Amino acid sequence: MTQTLLFYTFATLTAASALGVVLSRNIVRTATCLLFTLLGVAALFILLDAEFLAAVQLLVYAGATLVLILFGVMLTSKNPFTSYQPSRLELLLSLTIAIIFFTSLTAAIHTLPSPPAASESSYSILFLGNALLTDYLIPFELSSLLLLLTMIGAAHLSNPRKPTSNQ
Amino acid sequence: MPLPSTLLLLATLLPLGSFTLLLFTGKRLSYPLAGIVATAFIIASFACTIAAMIAWLNVTPASVWGAGKGPIFLSLPWLPFSLTPNHPSSLTVGIYLDSLTIALFAMVTTVAAAVHVFSIGYMRHDPRFHRYFTYLSLFCFSMLALLLSSTLIELLVFWELVGLCSYLLIGFWFEKRSAANASLKAFLTNRLGDLGFLIGISLLISHLGNTSFPHLWTSATEISPNTLTLIGILLFTGAIAKSAQFPLHTWLPDAMEAPTPISALIHAATMVAAGVYLTARLFPILTPDAKLFIAIIGLITLTIGALIATAQTDIKRILAYSTISQLGYMMLAIGVGSWVGALFHLITHAFFKSLLFLAAGSVIHAAGHEQELSHFGGLARKIPVTAATFAIALLAMSGAPFFAGYYSKELILTHAASFSLLSASQSAPRWYALFFYLPVAIAYLTPFYMTRCWMLTFHGRPRNLHLFARARETWILYVPLILLAVLSTWVGAKGIGIRELIERSITESNAYCQSLTSHPNFSAFSTAWPANLPIDQDLTPSQQLMEQGHMLTQTRVAYAWLAGILLGILLYLRGFLIPNLLLKFPPLRWLHIWLYRAMYFDELYHLFLVGPVLIASHLANFLDTHVIDPIVNLTATSIRSLANLASLNDEFVIDASATGIAHLSQNLGSLSRSPQTGRIRTYILLLFTLLTLAIASTILLLY
Amino acid sequence: MPLRPHLLTLLILLPTIGAFTVLFTPSKRSARWTTLSFTLVTFALSLLLLAFYDFTPVSNYAYAPAGTIQLVQRLNWIPVFHIQYLVGIDGLSLPLILLTTFISILVCIASWNINHMTRGYLCLFLLLESGILGTFCALDFFLFYMFFEISLLPMYFLIGIWGGPRRQYAAIKFFLYTLVGSILLLIVLIGLYLFSKTAVPGGTFDLVQLAHLARTGQLQSAGLTPAVARAFFLCTLVALLIKLPSIPFHTWLPDAHVEAPTPMSMILAAVLLKMGGYGLFRVAYPLFPTAARQLWLLVSIIAVISILYGALVALAQTDFKRLVAYSSISNMGFVLLGAAMMTPASINGSIFMMVSHGITSALLFFIVGLIYDRAHHRDLPRLGGLASTMPVFTAFSTLALFATLGLPGLSGFIGEILVLLGSFSASRPDSLLHASTPAIYSLSILACTGLLLSAAYCLYALQRIFLGPPRPELSNLPDTTHPAELSVLIPLTVMTLLLGILPSLFVFPLTNPTVTALLKLFS
Amino acid sequence: MLQSFLPFSSELWLIATLLAVLIVPFFTKHPSISTPTVALAGVCFAFTSLFFTDSSPHQYFHNLLLTDPVSTFWKGTLLLFTAAVLILWFATHDRSHDTSDAPEYLTLLLGATLGMSLMASTNHLLMIFLSFELASLPSYVLAGFRKTHRLGAEASLKYVLFGAASSAVMAYGLSLLYGLFHSLSLPVIAHVLAASPSFPPLAAIALIAVATGLGFKIAAAPFHLWCPDVFEGAPIDIAVFLSVASKGAALVLSLRTALTFAAAYNYAPTTPLIALSTTIAIIAAITCTLGNTAALAQTNIKRLLAYSSIAHAGYMLCAVSILLKTSHSAPGFTPSIASTESLLLYLAVYMFMNLGAFSVLAIVHHHTGRDTLDAFQGLGRTSPIAAGCMFCSQISLIGLIPFAGFTAKLNILFALFRAGGWWWALIVTISLNTVLSAFYYFRIVRAMYFEPPSPPNQPRYLGPPLILAIALTSSLILFSMLLLFSPMSRLTTHFSQWSSLTLPN
Amino acid sequence: MPITLHHYLVLSALLFTTGLLTILLKRNALAILMGIELLLNSVTLNLVAFNHFSPTPTEDGQIFALFIILIAAAEAAIALAIILNFYNNFSSIDPDRAQTLKG
């Protein structure tokens, strides 16, 4: 019961703030709403017995990615509170797409046979860590490479002082 | 190779040699050398012909060929050809030589020699003198080869070659637009006829495989009579064009643009008679229906030719129409079964008509290339030899006794008479009588218009004094006239035994025609007997009927020549005075205009044949440049517009949905240049739209 | 190394070698002479072929000694697909090879006054000759296709760079049309190969073998059902009709001709078009004889329409070159008709027609070029009276035009008459087409009408250009007495006459056994 | 464990090179020369190592990675191509006043190469996504590598936004696949799906989502929109890199995915398989038609080649669509072999065609500073060798005999023919498109040969010798491919053996 | 009513949809980036939920989710750098300003 209640609470939080992301016209507000969405998802992860992921979600997403984006907002916008108004037709079209998308997705989800509620899994961080360093060593290492590349790439692009001259 | 054939082959090839010689050296041979060379060659050719004739007539009894014995028939494969995969054979060329060939060779070489001599005088001031003789030699070769041909294909080759020469010579003075046009017309008209000829040959070959005359005669029975009728008519189409028969006669008067000696040789004596020759050669395989057709065509032709001739004022055109009319007589003769008559008339006509033309040429030469009768008058005083020879020819043509035309025309009319008697006795339709009475009527008309021509040219007061003053004649012009004048009399018809020669030809080829005459379907082949009438008996007119016909002819036409000439003299005694009075009378005037304009045949052709073809041609051209090409190019165009669409779709289609259909409809054109292009958001919008659509449709499908 | 087995390869390669040699010549002059000598040697080689050729082969569509196809050289090229380098000649290809090498010499002479990028021009021209010779020699379908395509590119450039004002349009039009054709051919090629795979282990591209597979029904049992065969036949037909060209795929031709430089017009009309006609007898008919027999009516209707339509359009032209181009369409209609009727005479006639048209059209286009060189235009209404100033030229032109209209004694007549005789005899009960007599007769008669129309446009042109009063602005044009001009005009004229008078001297002894062999194959 | 690394020595070489490139500049005086040399050497070593590795079908690292001849072939092609791109970059790269860009550029390029090579050797969902991103992320940066270049910035923005969105969609699809089948291994998923009596709608959605991601990478029809913009904005060497490497990797991956499902269904004409195959075929048809038609109107050659690359991706997708065997198929026809060999051959040939075309473009750009059609005017006279190479590439791109493009297209047509049935429609489409494409390729040819140089008295030029060498080599290879048809064909047939089509052990 | 997989999936679908809407409706590159983060969040939610309700004892889903988070972060970093670069060139982060490349 608590589970249910918690689920609905966090689900509502997530959904509402996600809608906030869409609806808010101000980029900073959008970012704030996104933060709440991320927090809600993290909470849901806990409900799904994925505490480690929840932590990662909080640390990486809320802590790093979002802050990064906010920095981006600060760097790029002279007036961070400028808002854009989508045109009416654009709005209509997007909404139609969204509704159709959501409807068909839910319809599809409902054809899925509902699996029995999972028993308490024997899940632990240890298990996850083990998997990462054994079975999933390769992706793990590759991701480090990916991050390296990301770093180099981002550094190259955002270093304004370095002259570029290729052609 | 038997001697006569060798000699005739030599006679044929001599002009070819002359042609080759003149072709390459003609330019260097100044006047009159080119003419003399050509003349020498043709005279040599004439000599060969005479030698061949002698050899032909004096054969040993043991010989299989010779006069009255059999033809010389040689053939060589020319084109390997097979009708079906399993029957390889080949188209052959060769020589078919019988008495008829000899007779015609003699005629052609004689007239040609006369014309050559005449031409040296006539063409002396022409800058292309050598070219004239080059063409002339080529013509002589083609004409002689045509006569020597043993197969229809070979005949067709030379048939077209003489057409080519005719084309070249009609357009000899090509600087004159009218000459150029006339040559075009002549060639095309002949080509039209040749089309039928070609189709006929093709049909024959597709049935028989070989078109040599003996083969045709022996195996024509393999073809069904109806097809054979069709083939006969188709083959005759060639003759219609070449011999200027109705309805393809209109080229001949225009062909008078050619130098006059050419008219004498080609358009009076030889080439135009080739049609008659062809029809005569085909005679055995012509079905009665085909002959009926031929007879009717001949009948029409002889009538309209004579009628139109009465109203013409150009001396050469009068002669041209008279030629048409005379050729009509020959065709009629073939139609009614007077094989000998037709060929006999062919030869006599060749003599007197070439004489007429040469005399006219002499007149024209004397008159400084003036041909209109209205400029002549009284020329008999200045060019008496010409006037006299013209008169002889006139008499010959009118059928005055002791002149050449008398014998041949009488023969034709006798046959026509006996045919109409026969048809009357066999209860054929009434109009069959026309086969006799119309030629008879025209026999009255012929002397009239010829006399008209003579009177207006040679008699009376000169109407153009300037012209009259300069007129004169030279020996080189009148020597050939005299020669031909001699031949236009009794000498030409009886003296050299032409008729006998022709009659022998029948016996020579009879061996081949056995199957035709004995075949049940093909009996009664000798006259134009319609197939739908019952055949009671042998339809070859009996001796008795022939005599009746002879009597009839004697009574009806014996003095026709006199009547016609007298009428002509009376009417034209005072030049144009009396006729002009008569023409005040409207029906006569209308008739005169109608005939003067040659019954409007040219106009009709323009309306119904030339016009439509030209229209079709321009239509096709329009179609090609404005329809077919665009349709094919449409692919390119549509691809290009597709390209615009496709390259636009990035911004166009999506923007339209994004920024509104209204915007789209307002300025569709400027949309492509719209600033809102290349937008990444529209790309993503499209991405999600398609994704959504795909998912939604899949869900709908799977439910 | 014995020459004989490599003769054909040498023949095909020689112009290519020449093409590369020309690129390294020091001057334009030497380039020209090099080209000329290469074309001459190629011609000599082709004459050598004639010497090696057995004129009385066994009339079977098979390799010598069992059949007509001789001097065969066979090498494995792409063993994966059983594609061979397979060349050989028979009576079908040899006349066209001779024609090609002969015309090439004259084209080379006619190109003497090309001064713009001469080396490139001559190089491309020699490559083109190689391509054409390859097409005529190839007996492997793939090889045939390859040469068929390869010959496109040089022509594209030759028209596009050295052509008239609208050369780019004409070049791309030419290219795209023929490209469409070759793609259709490619589809057939692949399809047939795959069907042959069922019949023969590994499949085959060997045209002769394929023809025999088609004949024995092995292809049909391999899945080439009559419907598919018909579709394939139509694809092939369209590919070849584009090349031929025939209504309604002809519109590239007038443009290509009008824009192409004179020598290229010559080779285009004289030889390139023949690849289409050759393809009919080498590919379309032997591989799909049944389909061809079923579709004879369609083919012959196209042919007859081509004859009449081409002639009618030619009649309405005012540009002399366009007129000649349309006359080509009309003439090639006879080739198609001959093929459609499938009788010995008609097919012999078709081949003869190709050779003859090759000669007369080259002559005509050269004449057009001479007029253009002198008068600087080809507009019929603005020409006239040339006969009085240029008698020698007039003589040649008259002969060429009369050959085109099919005057007996000149080469055009033989082809036409044979095709017509053949098509009439197709109505015989023992012919291959079991078709109704009226249909055959009416088609043949309509085709005959084309002769009248061809006479009309030829004489019309003759009259417009040469007859009539001489025009003052054209009065001082020099006559064609230059040796270079005569050296093109005279050989062509002599050939026209020779073929017309003695048709059995050159072509028939070659073609007849082959045609017999082909017909054995069809029946 | 270590043994398992051996088959991936080429990847290891790439990683090592990547790291070396970062370090080398600190030790040399002329980093602008030494780093590219090191990179080139590394790529060459990687390429060479392929010859010593076992390419027989095997799965490694708990089925995360696999080797099979197809992946080996692809890696070989890719590495060769990367080497060429490196040379191209090196030759056009202005080394005079900028030295410090090289390591970044090379690292990113090698990283993307690594991603692309891994894309071909996995059938594990996680690895698919990871390698996908490993290939994508550096490419985003590379597209806008010239920072001050407005077009580059625009291109990379478009690329990253579109790419991120599509990869997110793909990730969603992958998550659904995992959820539905409780496995990350593609063959397992395929077999469970094939064994299940019904087809769950979510699976369809998942597949569509995955297809979106792949479609983005291939730049297949509805997802191609980014492609021309990015190619036009990106440097030439990156444009050519993306046009072949990125598309090729995605195509190989698509083929692997599609064939895995087809194998699970035993290539039988069942409804899901028919639907899959038809969808791919339709996308292929639309892609090539769209690419070709859009290319017709282009005057910028880079953009034109971008559209042409879309069209060629369409041709290759035609090969991918051969997934099943019907009653119309030729006897002895194996769909997997047929589609694979035709795809591989086309890829290899396409690489050379694009290298030729782009390198000539680079020469022209280097000389004139433009990459529009008018820069090519009169090239036949100003730079005959470059023009000749361009001509070879163009004719080959059209697919005309005697060039390799014909061979490649012929192979696809062969495969389609053998498949029979409604693949006829694709044959017709390809044929029509070939004609269509001739229109615009010939515009270049026409500009080069039929038109005078645009400043009339342009001096003759050769271009940087290295690029010319690439162009010449490509042209020569293209030209000789018809002669090498047999070995090439044998090679591709040899490399057309799949591993992942069977269940993992 | 117990919370089943469906609840999570629907929530995830909702998240995806909002992310989609964000991408579509914002004319700001950064907001679009946020939308993409939303999409990826829905993916991780999906994966974790599937993993939770999975009958098999493995933790593949969570691992996958972990990598997704990681990749999302990397992608965000790259995207931000690119957006900054764009901003440096165009003085705006409105993606609609990027219209030089078209046609």
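By written order: A, B, C, D and E. Residues from 1 in each chain.
Keep this in mind: a residue touches a chain if its C-beta (ideal position, glycine included) is under 8 Å from a C-beta of that chain, and two chains touch if they have at least 3 such contacts.
Source: prediction; values computed, not measured.
Any chain touching chain B that also touches chain C appears here: D. Among the remaining chains, B is positioned farthest from chain D, on the basis of C-alpha centroids.
Across the two candidate interfaces, A-D and B-E, the one carrying more C-beta contacts is A-D.
Centroid distances built from C-alpha atoms place B farthest away from chain E. Closest to the middle of the protein, by Cα centroid, lies chain C. Chain E has its Cα centroid 95 Å from the Cα centroid of chain B. If each chain is reduced to the centroid of its CA atoms, chain A and chain B end up 100 Å from each other.
With centres set at the average Cα position, the gap from chain C to chain D is 43 Å.
Separating the centre of chain A from that of chain E, both taken as means of CA atoms, is a distance of 5 Å.
Taken residue by residue, chain C touches two or more other chains at 176, whereas all remaining positions touch fewer. In chain A, the residues touching two or more other chains are 90, 94, 97, 101, 104-105, 107-109, 112, 136, 139, 143, 146, 150, 153-157, 160. With touch defined as above, residues shared between interfaces to two or more other chains in chain E number as follows: 5, 9, 16, 19-20, 23-24, 27, 32-33, 49, 54-55, 63, 67, 71, 74, 78, 81-83, 85, 88, 95, 98, 100-103. If you check each pair of chains against the touch rule, the ones that pass are A-B, A-D, A-E, B-C, B-D, B-E, C-D, D-E.
Across the complex, chain B is touched by residues 157-158, 161-162, 165-166, 169, 199, 201, 204-205, 208-209, 212, 216, 222-223, 225-226, 228-229, 289-290, 293-298, 307, 436, 439 of chain D.
Across the interface of their complex, chain B is touched by residues 176-177, 247-249, 251, 254, 309, 312-313, 315-317, 343-345, 348, 385, 387-388, 391, 402, 407-409, 413-414, 417-418, 420-421, 424-425, 427-428, 430-432, 441, 444-445, 448-449, 451-453, 455-456, 459-460, 463, 466-470, 503-504, 508-509, 512, 516, 519-520, 523 of chain C. If you check the complex, the residues on chain A that touch chain D are 104-105, 107-109, 111-112, 135-139, 142-143, 145-146, 148-150, 152-157, 160, 162-167.
Those residues of chain A whose C-beta lies close enough to touch chain E in the complex are 3-4, 7, 11, 14-15, 18-19, 21-22, 27, 30-31, 34, 37-38, 41, 44-45, 47-50, 52-53, 56-57, 60-61, 64-65, 68-69, 71-73, 75-77, 84, 86, 90-91, 94-95, 97-98, 101-102, 105-106, 109-110, 112, 114-115, 117-118, 121-123, 127-128, 131-132, 136, 139, 143, 146-147, 150-151, 153-158, 160. Residue ranges of chain E in contact with chain B, taken from their complex: 20, 23-24, 27, 32, 95-96, 98-103.
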